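Labels for the chains are A, B, C and D, by order of writing; each one numbers its residues from 1.
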Amino acid sequence: MTAILRSYALRLLPQLIALAAILLMVSFVFPGFFRLEIQNGRLYGSLIDIFNRGAPVVLLAIGMTVVIATKGIDLSVGAVMAICGAVAASSITSGHSLAMTLLITLGTGILCGLWNGFLVAVLDIQPIIATLVLMVAGRGIAQLVTEGAILTFNDPGLIFLGSGSFAWLPLPVLIWLAFGILVALIVRKTALGMLIEAIGVNRQASTLSGVLTPVLLIAAYMLSGLCAAIAGIIAAADIKGADANNAGLWLELDAILAVVIGGTSLLGGRFSIAASVLGAIIIQSINTGILLSGFPPEFNLIIKAAIIVFILVLQSPPARNALTFVALLRASRKPTERQAR
Amino acid sequence: MKPKYLPLTATIVIFVLSYALCVAQYPNILSTRVIGNLLTDNAFLGIAAVGMTFVILSGGIDLSIGSVIAFTGVFLAVVLENAAIHPLVAFAVALLIATLFGAVMGAIIHYLEMPAFIVTLAGMFLARGMAFVLSIDSIAIKHPFYGTLKGLYYKLPGGGRITLIGGLMLLVFGIGILIAHRTRFGTDVYALGGGTATAKLMGVPVGRTTIMIYALSGLLAGLSGIVFSLYTSAGYSLAAVGVELDAITAVVIGGTLLTGGSGFVAGTFIGILIQGLIQTYITFDGSLSSWWTKILIGLLLFAFILMQKGIVYVSRSERRHA
Amino acid sequence: TFGSASAADLVVGFSQIGSESGWRAAETTLTKQQAEERGIDLKFADAQQKQENQIKALRSFIAQGVNAILLAPVVATGWDEVLQEAKDAEIPVILLDRTVDASDDLYMTAVTSDLVHEGSVAGKWLADTVAGKPCNVVELQGTTGSSPAIDRKKGFEQALSGHDNLKIVRSQTGDFTRTKGKEVMESFLKAEDGGKNICALYAHNDDMAVGAIQAIKEAGLKPGSDILVVSIDAVPDIFEAMAAGEANATVELTPNMAGPAFDALAAFQKDGTKPPKWIQTESKLYTQADDPKKVYEAKKGLGY
Amino acid sequence: MQTVGDNLLSATRIDKVFPGAKALDKVDFHLRRGEVHALLGENGAGKSTLVKCLTGAYRRDGGMILLDGVEVDPRDTFNAQKLGIGTVYQEVNLLPNLTVAENLFLGRQPRRFGFVDVRAMNHQARALLENYELDLDVTRALDSYSVAIHQVVAIARAVDLSGKVLILDEPTASLDAHEVEMLFRIVRRLKARGLGIVFITHFLEQVYEISDRITVLRNGQLVGTRDTATLERRDLISMMIGRELAAEIHSARKEPDVTGPVRYRFKDYGRKGHISPFDLDVRAGEVVGIAGLLGSGRTETAEILFGAHRADSGTAELGGKAVQLSSPRRAIVHRFGFCPEDRKTAGIVGDLSVRENIVLALQARRGWTRPISRTEQNRLADHYIRALDIRTVDREKPIRLLSGGNQQKAILARWLATEPEFLILDEPTRGIDVGAHAEIVRLIEGLREKGMSLMVISSEIEELVAYSTRIVVLRDRQHVASLEGERITADQIIEAIASANERGAA
């Protein structure tokens, strides 16, 4: 047990260090950063903001991790977010109950994933292009639903999902925490994780070993669609309206970035949901940090790029090898539990 | 026919067919004016897509080109506004910067063993960020030399024009085809796409080639930026957002595999024309709402990929039966 | 009323920037409505935020030989060449809602508001309202580099100059969206002592203001009284907020740019009357005193 | 003792450390001018690693390399090629997406006016391949040709590149006797020209046929270098495995009892463009050997039976009932197993651990909802690591880091773990060392005795004779002969292939 925990800690160490460094940096430019207080029955402070604002990217990153593990990529998640937000808003304003609305919306997201999965697994179209189709068309579909306007709603239940709180925590945070843990458990406590990794590393060999590659591929994209649907609901609930034009715009890139910062290879194979979640939180910390810093917005992109490059360089194989080499020297002959990848 | 030419042929067949369909509906599309526009309007995209083709052939990807185009444009505008140098000198400097930028990304990709997707994504943020820092305003370029360059065109019968930039794109495609198929560097690019580890064992100088590929992509993105600044006579930091996706799409529609190692520069040209045709068709139609435009672009993209798959599939199985 | 015979045969191309906001969707809707009322055959092209697509659209309008072109330019620069082509083809071009940097004989007229003026109307309202009391202002900018963001910032700052009691303490981009408006406002509130240091918010558009209002409420403050809210565009949702006392003022940018444009076009077609080079639309200031409920009802159906 | 002077290539005290394993430990290796030097050792002994260190594919951690008495330090293979060292690495390293000609001349294409002269290149490529009696369309992509042809092309390329030294790491693994002979002719010619040739193989006959001296490695250490002429085969084997080998496979055929009922019956089974329709019955406790020349359709037969390619004609019966074998998954449900010949692309899942590779097929069959517990996985993995003697530091090592032969064993373990009833093995002993080879042959016999049905494809006729109860001979994608009982001898098989040949030619 301790060995497993240790291997987890080892796996997440680079991400944790990066996160700590960024938080520290932010607290230099903004001293009140770590302050937390309870207001209106919920925790209030910049740290909470990071977790709360990070919700969409975290959720997208969870699905994206699994898709990337299969050696795929899903560019459509931003557009699917927009579609699902629009569907949720129009369903609730047309008088459906909250439960029904959620059902329809999540179903829509899964359907979008099914479409992507079908293109990738059955028609054998390259993932970037397959999902590009929905990325382009999806936003149009979302706008079709809202007719280009921001579709506002007043259903307290739906709004609660975006800006409510429970046990002092904003609901989005609870949702992604619960969902992340659920997915991680499903993936790791069943054989799903290993089979997905096998497909990502060598699809042909996996198929020949009897793995149901098409089904698992489709399932991965469906999960990604589901994640995008939840993210879409949260994003819409947060502003009490579905903004088909802007919801999730360019968020797919952030999600992919989060997965990569989390150390999952874009070439498929080994993945870690926890690490991707950390990656997403790192990205959100950078964003929030930039906002708190008070620099003029012209510098936003440069700062973001610089920090990301720095993190990635630290995580690059040569840099890591240098680090593990030092660690190995110290551990001398003791056989290592698990090869650091 | 050799199987490797199949996707290319499929693309050409599809393009010709769809062009014929469009003409049947809107005869005006056959005019030299539309054909000239197709070249001029897509010149910057085409030039950048040539670079992208090399990158994708090598198994990589370059997300930074749109930002580099914007940066180049802003750089030219700022320099020409504030310094009394000839645009040609500014062009040279801009190309140098863009090439270096690409080379550095290539070096990071190779030496730090990082995925191209992420390195160039950071490059995309950085280049756009630098453009913002140079100027957030859109700056008009009023140098008379620009006017001279824009006055250079070959008039086709029927009112169409082959402009300087349209011609430049054709030239770049020609050179690109030559480099891809008639130089050792070109074969090395394909070799990298076949597998870096193997290429390395076969003695391909992987590091040098990688750096050169991204430098070439940077150079062409820079050239594309110059063309874009000629096209609009301005530099603007928000210009060319998402051009990388258009370029990737053109490359893939052109029959190049994103996994690398297989495809043609010439295919990319057809890919560009197909995209241009979709756009032209949509404006000629002119009845679509904003959202239906997006949906239709997506669907047409899908249809093209599907047709290509279909043609390749059918002719493969026919060959086997023969 | 305007169904004259000559207008009925008109084919007009309309190159729209895209559909990035509710306001723009409303502009598109209204343009189509206006065209329909006048029996004009409108060719609509959405440029997806890209200037190159707009140029392509213009060229293909020219190739199709339309009678006139409406252009809502995404950016001010870079139009000389294609406008010259239109001129050579004797197709009049009317600019909508933004002007361009080209010589004014290249287009027939421009129907726009004055973006700088909008900013200064908002600034002036704020200066008048606080009336000399010290006031820290936070600013939500539009998309970095876009002309409304640049000009509305400029106009606002112009109006504030000379009022030393008003100080812009923080200014960040909210990308013209609700989500970002809310997120950025949250960080403003944290950074300025829970919002206690902020006396007013200026947002470059209403959507960001609506997002920011939610953030202010969630921070336990009262938008509209603890923090004054002034923004631009006058979309329906901001009137709802004003009716609830959560927003204070907005500057109208009318989405009906096409109406005056078509009128000018019709006059020109009829007897060659040249319209003035600039038809400025009104930048009307609405406050809570202007019966926001009623304005909301009036604007609701316009496709915002 | 030799002096450095007559050595062409001298490597002294070469070290190479991988995380968790010392692959080479102060290894000396001397190659003379004009000799064929066999480099031998068990799977995982460090042969390939040594070759890679010599050619700059790996950075060595210590030691010195002299070429022609001058110290050299090849930084990469490009560098090594420039120094006149041509190499065929173990996993055939060619680029399937390039044409045959481009593969042959990559990096040194003939040029005119600075541009590659494609016509000259194709011409030279054809000329080069003529030496190997290969008449290919050199402008086609390499991946339209079989593994064997890849290997010949790789050899042709390396030979052409080698000015001084030629290194061949298991070049004969997928070649048949005829092609091996051809290769040896070329090697002898190069030898006469004064080249030094390093030859790695697990076929001892070939070692004795071609080599002048032998160097043996074991566990990354040098055991010794001997003259081939004076080294007894027994002694060589004990040098390699560190003990006496109980019995090598010799055609000590027991007459097996295969009168059991027919378990699998394939009628008119085939697929257009892949394999002509054939009839095949397989009984319980039977080993069907498949013999044929390269490209005769052996692999295709296996793939179609396993459902990797869907049959488009004929029927399959299992115990009298018709079954659909439309996908590997379906076949596995009917307890088929299939060890593919191309282990790199179709066998190993490189980044996953040895453990995961071993349990993969079993887990796939159970479905994702019923995971095999970690303890059970460990037990299975450990069991097969021991049973098949897979050399790995631990079961968590990514399989791609194992030596070629050990990867092959792990794939075998994957299928044994599913306890199949019909196991199809495509070249199961390729790249496997003598000791393990004997193990696998014993294993096949053991499985058969337990009542499993097997189909084994092998290019080694001796081996087929040793364990097959029936041999099907293929030619030109057709099943042309079936040998049973008494008729299973090497001569008969060769004759069947040959006569089929004549028939085909007629």
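The working rule: a residue touches a chain if its C-beta (ideal position, glycine included) is under 8 Å from a C-beta of that chain, and two chains touch if they have at least 3 such contacts.
Keep in mind that this is a model prediction, so the values were computed, not measured.
With centres defined as the mean of C-alpha atoms, identify the chain lying farthest from subunit D.
The chain farthest from subunit D, judged by C-alpha centres, is C.
Round to the nearest whole Å and give the separation of the Cα centres of subunit A and subunit D.
Each chain reduced to its C-alpha mean, subunit A and subunit D end up 43 Å apart.
How big is the gap, in whole Å, between where the Cα atoms of subunit A centre and where those of subunit C centre?
So the centroids are 34 Å from each other.
Just the number, please: Cα centre separation of subunit A and subunit B in whole Å.
Chain centres of subunit A and subunit B, defined by C-alpha means, are spaced 30 Å apart.
Could you tell me which residues belong to subunit B and also touch two or more other chains?
132, 136, 289-291, 293-294, in rising order.
Would you mind listing the residues of subunit C that make contact with two or more other chains?
Answer for subunit C, listing residues that touch two or more other chains: 19, 25, 28, 144.
Chain contact graph: line, ring, star, complete or other?
Topology of touching chains reads as other, fitting no named class.
Can you name every chain pair that touches?
Contacting pairs: A-B, A-C, A-D, B-C, B-D.
If you look only at subunit D, which of its residues touch subunit A in the complex?
Against subunit A, the touching part of subunit D is residues 19-20, 306, 308, 328-329, 331-332, 338, 340, 345-352, 356, 360-361, 363-372, 393-394, 396-398, 414.
So in the complex, which bits of subunit C are touching subunit A?
Against subunit A, subunit C makes touches at 19-22, 24-26, 28-29, 141, 144, 170-173, 175-179, 182-184, 186-188, 190-191, 193, 207, 210-211, 214, 218-220, 237, 303-304.
Where on subunit D is subunit B touching in the complex?
Listed in rising order, the residues of subunit D that touch subunit B are 57, 76-78, 80-81, 87, 89, 93-98, 102-103, 106-107, 109, 111, 114-116, 118, 139-141, 144, 272-273.
Give the list of subunit A residues in touch with subunit B in this complex.
119, 123-126, 128-129, 132-144, 147-148, 253, 256-257, 260, 265-267, 298-306, 308-309, 312-313, 316-319
Under the touch definition given earlier, write down the residues of subunit A that touch subunit D in their complex.
Those residues of subunit A that touch subunit D are 189-192, 194-195, 197-198, 201-202, 204-212, 216, 269-270, 324, 328, 335-339, 341.
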